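Each of the next two complexes has subunit A plus one other chain: subunit B in the first, subunit C in the second.
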Partner chain A sequence: MPGLGTTVGRGGATTSPQDLVNSDCILIMGSNMAEAHPVGFANVVKAKERGAKVIHVDPHFSRTSALANLYVPTRAGSDIVFLGAIIRYLLENNAYFHEYVANYTNAPMLIREDFQDTEDLDGLFSGYDQESKTYTDHSSWDYQRDENDNPLTDPTMQNPRCVLQIMRRHFARYTPEMVEAECGVPQESWLQVVQTLVENSGRERTGALCYAVGWTQQSKGVQIIRAGAIIQLLLGNIGRPGGGILALRGHASIQGSTDVPTLYDLLAGYMPQPAEMLDAKPEAQHSPTATTWGERKDQHVHKRTQQTLQEYIDVAGMKLGWWSNVPSYIVSLLKAWYGDAATAENDWGYHWLPKIIGDHSHINTSYDMLDGKVKGYFLLGQNPAAGSTNARMQRKALAQLDWMVVRDLYEVESATFWYKGPEEVDPRQIKTEVFLLPAAASTEKEGSFTNTQRLIQWRDKAVDPPGDARSDLWFIYDLGKRLKALYADSTEPKDQALRALTWDYDRAEPEPGSRLLDEPDAELVLKELNGFYVRKQDEEGNTNTYGFREAPHVPAFTALKNDGSTACGSWIYSGVYPEPGKNRAASRHSDGGTNLDWGFAWPANRRILYNRASADPEGKPWSERKKYIWWDEEQKKWTGKDIPDFPVDKAPDYRPDPKATGMDGISGTNPFIMKPDGRGWLYAPVGLKDGPLPTHYEAAESPVHNALYKQQSNPAAKFHKNRKDNRLASIGDPDYPVVITTYRLTEHHVSGPMTRWMPWLNALQPSLFAEISPELAAERQIVHGSWMVLKTPRGEIEARAMVTRRLQPLRIRGRVVHQIGLPFHWGFQGKSTGSIANDLTHSVLEPNVSIEEAKAFTCNVRPGRLS
Partner chain B sequence: MQEHANEPGRTSKMLTDVMEIGSRVQPFSRESRDKAARIRDARVVHSVCPYCAVGCSLNVYVKNGQVIDIEGNPDSFINHGTLCPKGSATFQYTINSSRLTKVLYRAPYSDHWETKTLDWAMGQIAQRVKKSRDETFVERLEDGREVNHTLGIASLGGATLDVEENYVIKKLFNAGLGIVSIENQARI
Partner chain C sequence: MLEQRGRESVSSIAQGVKQLPQLLTLLHKETPPPEEPALGFFTDTSLCIGCKACEIACKQWNQLPAATPDWSGTSYDNTQHLGATTWRHVQFIEQIERRIPAGTGQSAQQTSSTLPKLSLFQPMDSAEAIPATPPGTALPFFNSDRWLMHSDVCKHCANAPCQEACPTGAIIHTEYDTVYVQQDICNGCGYCVVACPFGVIARDTGGDGQAHKCTLCYDRLKDGMKPACAKACPTESIQFGEVQELKKNAQERLGLLQEHGVSEASLYGADDKILEGGLHSFFLLLDEPEVYNLPANPARPSNHVLPTSLGTIITALLMGLMSIFFFSNKE
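Take a look at the complex of A and B:
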């Protein structure tokens, strides 16, 4: 989530669905919240009953739209035109929250003289390299700096090089007329949205913004999120009750799997995976900032190697702000992983950590697989044969493996690709050896999920899993034990990391009532995630050394040290299990307020992030109505309804010495403590691969040329143009004139492995359909309820036609553009089967996070079935 | 009126009112009197919905070692006892005759599954990992930089799993074995 990370500091929702009831206005865009997050949406309905205005902007009319005060249909892929015009309106009409913007954002910062905007370069920023199709030099995007490296500012925000003035010029062409022409949204509708937003912001009122993968799954998804976050900063909505940005995540623990994480470019707690990039100009293509906070201070990251821990810290850490603590976090992580083998002499085992050399993300790995470079594959509850874009390519890639392990509850498409599929399959031609292992369900194991609001919630185990089904914790633990045994006698340097790896999660006592004797203890893993003392002084001043099991827990990440005396598996989770017997993820006490004793929200159990911003620069609440965290002058500390997201005793009038480092460099008025300047970034001087400001580019496949710039699509996106298995329709291609977007239904989940085996849900939502307007249906002679074929350069699928006014033809620059909506839950396995929507999608990747563009591409349709 | 103590309050009061009219003979059969929700006396296990990321709390009701029902937890500030269609169907996700309970194995170029023991499969998988890792491990790039990794093995999935499971995946695969392509649904 670098969109949020770069803008406000952390890659997670700043607020919770429950806080939406405090909103005066809720803008939902890039999400069908009512159907994809129904229980979360109940809060929107409650807010509406209390008088909040609800706005839904989406290509597809859904139950979210039906319950909104205002629904605005728009063209898939045109989001930044719509949002950019709102930014322009706020700036040109002086409709932004001036005191908030001047004090809490980087609007007053001066940008270097050699920075050139898309206005100057027709859709490109300075630093673009035409040969590699990437931004290889980000240096001009940076602040102007003084002799202490501190940014120069103009508090009046009048200097033409200040961020606010650069933004005014950048967004000048994002006019209401442009919205009408490009989004297909009448100016009046758009204006109604802006006015509603403005009326519901300021000292007395707040508005919230909800988005989901309708934004993220685009070739400029990060910049769409940035545009939304900029609007929230300009309106003064972040860090305040009823405000914020709610990133609606789509899996039970997708936040947890990003925090801990199972991502190639990250270590725990959003530290980057160490990198030794192969490319001569790797920063642009492959720097590990991908899903990190993205505020790396040094813009010449790629010129450094990361062979030593110090070199890594120089890249991953920062001089100012909270990230100055990276040394403590990385050393504690290495102590958690390598235990006693991690010593000061061997750099705490840092050299054992594998270094990435390029983009090893899911889709690129699939291409490597296709090319025969990958021998073995683990699929742990994911189903790329149906669930990943360009699914046909995915299935072909699986056939190139030597072996594959699939762990799931059911025989999913990815496990059966060798004998079944939409295309003809001959098992005798497929070498891949497949191990299909039954997995335990969530009720059959203990452990925690981290939800969309960063809330870690523990699940108790109800019953044993059936037969040979086991938890994934058991699988990995058992596999680790077997591999450690296989390598036990190795003296080869490459095997020493595994030999040193701490691996001790056996239960102290057998699990009561369970027939399983070797299921590991998930609470021990949670203890390691929380962190513990390796060495600690007792009250008499004696230093004790502890083994993992008896070690005292650390109470919080503030206790972590860089001297090897603490170990911690993920610093942001510190505090979740602060002492034996106190698993805060398992605490369940609702209090009708902030509910601080229900679960544990990282970091430090804060429920609304950046909540220092809920008070004015002097530390007083902006208004009584929106009171949340404030400075208590008598007690000399921050207090309020939540855990302050700020050093609790740092007074509002604290001003740093110009030479200060670490958190000392953050002023008492700077709420965004993860940023080196403590401010929300309207303009991102570093950290993104496609520019410091959101810019409208058309989707990789689009019916129209970009009306704003000569540059058609995101110049830094990864197109994989040399791959014949990822063919794209051309711009305005007459063979593929229809815009198509994919989405979820309430009754099914992703590609269906967790739902299409269940008669209850299949009865509610029995088969694949595509939503199509009456106009397009008439044009193509497609009848409601009958079959239709959808076609893209990647493939063809069939679906039942749902002819409905939920999809409206739009007028784009005077011509009619049709849009189709397609749920993507089906496949050839399960009790309800249907075509795979992802056989249509392509694999052009967003440059920052390598996400696929499944929300806006082009197709064609015809009546009938696949022959 | 002791036997009605477990009835929901309103029904209990109605029963009491009815019984106080006229005859002292109770107009209810023993069967009616003994009727109670299936979940009475069941063990309640606290869980969380496995679908979207809203994080609705579940009460899992267990009787005689079997899950007999799954409902929303009314105490939760997140869902106040409510669930969406998927969450309400969690029971059928877990108690389902289509679930895999045995290890299935497909040999190279084979056209069928074979049932195998878990122990055999784990042993085989460990050997495959070791072989592929040993064949593809790179300690240094050509220019001498140390990378200690393998690109020959990859892993996908994690967003449906527990935090603790994700942690040990990354720990074993990355810190232990040197696998770098460890990915999940976050990019999808």
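Take a look at the complex of A and C:
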């Protein structure tokens, strides 16, 4: 999400799968869309039928490649060379969309004189601290600024310090020859890709980009996404129909889980969780500036302490752009959570929010568990014993807990690790007390899903869950009620947050047709997320005060205030439930076009984000064919096929006063309203922990040295080097010469906790297999259909050998590099069992989002089985 | 109800005689439902993404048991064939060419050690730098490497060999002109199994022993719903509808693909040639039928009846004549 958040403003897909049918070209990279998102892929097939060109760039030939016009095999982990060369081509051949780039991106901005590029420092940007292995000083990355703190620009984009020229120098060595040598992609194939992209952009045509975890699960994932987004900005493809970037999310409501959210470093609506740095120079692993939003200010403005609301607003808010509204959103959030206990006098209860003191992401928490720092663990629909990276370490970590609650449909691997598994386990030696509670499936509970395109869709309950199975909402609600009862009389300061917490979602009337009497009312939760008036003036001018249940709903986030008169659980969801009886997430009207009455897409039901960019700077559509949102001169407002993602009455010729603040500081030609300068960021002056421009680094495990820089891999990545269960193969390690990547099959879902219990699905894909090329098979005497062993420094697994030409050896710098493809759906529980692919993966984490690198690492193979 | 009445008739003959006319009505043949337009499938393999949703939708709607899991190693096809409890089957055919691994073999380090000289003040209007390739013609419709996917199903032949072979009349053409096995009449003889030139129908040897195959979701059709597989298909690779309409669509689709340069595309079973009458469930293929395990010219077993019967008669006559001749000679 910071990849997109930093570049264009919001950490979500800029478009929807349905809009792909308007594309003229669809580039799918880092995604096996046909297999992992078959229903969304139907739109790609439709687009192709309408004449769009579909390109798939991937290490293995999948069902996605089979439908593409062009499939380009590439080396896993070399994406930024491939994309960087496209950026260079666009810049050097003037093949970018000039008007769009000059007006809507930060290409003309001047960067500080003391900024040093990776070309100057051989793979590092200025500001790197060798001791802590992080970029501790981001100040040199910033814009040159005038006396009003506004960035200096050169509209001609000729100044050597302007972003465009810095990019030209940065990407100068990302040549077609480099692509051929490093990615193993013949120059002609690469050129075919670029030409197709260029032909299908401009005023008349648009192209879309689809990616998924093939990009995110790399130690430089955020920068790969940035590179993709830069290409889309240069081609003028963002904010326009058939354009954009589709971040394909891997589970139902994975987008929702970051919107509301369940992440440790975010509050609702992408406001950061307050942090408290304990050390002036934190270790890379323990830096609390990790933010999924990517909007946190860097060192020169960062306040180390965020103990008061004002200090928090100084860090999380912004002077310019939409984020200037943070005070309204945070106060409304605190009012939603703490109700009457939140007052102006007590900072709206801000001090009750927990402050993060380190990296509490999933993998780091597992290590803390291993070190005995974590005592208890709730697993709700999560299966780390098979589904998380370095799964052997995960199982060891679970064994260090005092207690663990697993809520799932079946007895998954994580609930059984204490008596079963690939290793010898002695239940007498494991102290963890495991509580396995039955959960309701999606058809057995009401609620909502927020999918890939930020679309909130309400889901009705079809049947009661069987036996004691209950919804997750019921579980959390009941747990909260019990905790509140437990601390009801406490006078200890640390318990006051729990006491102040509003917690009232009981049904007013029993659910019709259900035998369950204590399931909470999910629509009440939705009301809180949407927001409501705590105080409101009626027509006669009397101010009324309301309780949660009878309070009028707020119609949109523009109604939220910082004076405690409104409450809102997640500002971006405002408008989803604008009045009683009008749950827009449950609306199902299809008009065959933008489908504005099908569900509700945050923010404000906008389907294509930054859609001001679908019109030229004067507000006219770029072309009749790609008409979407435009300025209506007569009505003096923005209008079109979607909800404008722009102040609806701000004229294109509006120019801000140099001293203006908030949204007043955003010009009528700046479509990226979440950014303080209103522009798409080709170059990110703040917000990222590994540099302002995408740079090629090899994966943490790679068969080759970095051909571009002395710096081998992402200098800011969290390596966990001192962990004995996270040994890495060295560069070009002869013991681990084969590149391996993992992926999904259509027939199963993630580590299989839902699908491997289904006999029909098991019959379709009954066994773990590894896909290897005939060349590698011959070299290692592995016979098709027989067993083979895969080995990394973390572990060994066995799989059936699928010898197929769909995998092909690549020639990298004159030498042959083999690649293996490995689905990761199996484990030791269920009706279809097999080795755990994640026993091979390591726990080197991306610096911005702490995501593991499961899509590019190295291994070795031999015929036979594990003894 | 019949049982009830039977018992009553035993208890009282007089009553039984009274009810006789009513009992006789039960033996009357019910008038068949009115003829409907012929319905069928057009399975367009050029749109198939191999997701197998059709297989699962079929199993779920018809409540068919799962096969014993068996990893076949035949690409992604672990279903292997149609059968008594598998009425949709997705085939996977890999056609991947092998080229010499890419790359010049030259080390990039040598070429990239010095920074290429760039003019930093290049004019921004030289648009001729983009090589001119006419849009839309640069890329072929499919990769040269192919992974063919094909959802196989009962062909619902206009003149179905299985129906001809069925000695009990269990296999019929329904009012939708689909081929249907009446399970209460099938005696499990298996003649239909050998008669089907496509290997579609099979006996459920692990279950009731009777012959089973795709019903084109007869029960759903009665309620005005699409067959489950067509409903589940995300890419409209499986199209359901009136056969006449589908055949028209198929011709148009073929023309479109050929326009796109997919010259190898062809229709299978869309004309009346196959099995003298054509198939009501037909296909668009991207290679020769044999590649998909479909016979190019499927044989109708009943075609052999006349020649082989004639042969038998002639042989019998000859043998009779010879024996007469032989015995008369002996005398």
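Convention: the second predicted complex is superposed on the first by the 847 of 867 C-alpha atoms of A that agree within 3 Å, B and C clash if a C-alpha of one lies under 4 Å from a C-alpha of the other, contacts with A are read in each partner's own complex, and residues count from 1 in each chain.
Going forward, contacts are C-beta pairs under 8 Å (C-beta built on N, C-alpha and C of every residue); 3 or more make two chains touch, one makes a residue touch a chain.
In this text the structure is predicted, and so the values were computed from the model without any measurement.
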Quiz item: With the two structures laid over each other on chain A, which partner does A:344 touch: subunit B (first), subunit C (second), both, or neither?
Solution: neither
Quiz item: Which of the two partners, first being subunit B and second being subunit C, lies in contact with A:746: first, second, both, or neither?
Solution: both
Quiz item: Of subunit B and subunit C, which one touches more of subunit A's residues?
Solution: B
Quiz item: For A:783, is the partner it touches subunit B (first), subunit C (second), both, or none of the two (neither)?
Solution: neither
Practice problem: Answer with first, second, both or neither: which of subunit B and subunit C does A:42 touch in the superposed model? | Solution: both
Quiz item: Is A:800 touching the first partner subunit B, the second partner subunit C, both, or neither of them?
Solution: second
Quiz item: For A:866, is the partner it touches subunit B (first), subunit C (second), both, or none of the two (neither)?
Solution: neither
Quiz item: Touching A:761, do we find subunit B (first), subunit C (second), both, or neither?
Solution: both
Quiz item: Where does A:93 make contact in the superposed view: on subunit B (first), on subunit C (second), on both, or on neither?
Solution: second
Quiz prompt | Shared subunit A surface residues [contacts with subunit B and with subunit C] | solution = 38-39, 42, 746-747, 759-761, 764
Quiz item: So in the complex, which bits of subunit A are touching subunit C?
Solution: 34-35, 38-39, 41-42, 45, 51, 53, 55, 61, 63, 65-71, 92-95, 98, 119, 157-158, 160, 165, 168-169, 172-173, 175, 177-178, 180-182, 184-186, 189, 192, 195-196, 198-200, 205, 707-708, 745-747, 759-767, 769, 774, 784-785, 800, 802, 804-806, 808-814, 816, 832
Quiz prompt | subunit A contact footprint on subunit C (complex, rising order) | solution = 47, 49-53, 55-56, 59-60, 65-71, 73, 75-76, 78-79, 94, 96-99, 101-109, 111-112, 115-116, 118, 120-122, 124-127, 129-131, 133, 135-136, 138-143, 145-149, 234-236
Quiz item: Which residues, counting only subunit B, touch subunit A once they are in their complex?
Solution: 45-58, 60, 62, 65-67, 70, 73, 75-79, 82-87, 89-90, 92-94, 96, 98-111, 113, 117-118, 121-130, 132, 135-137, 139, 141, 145-188
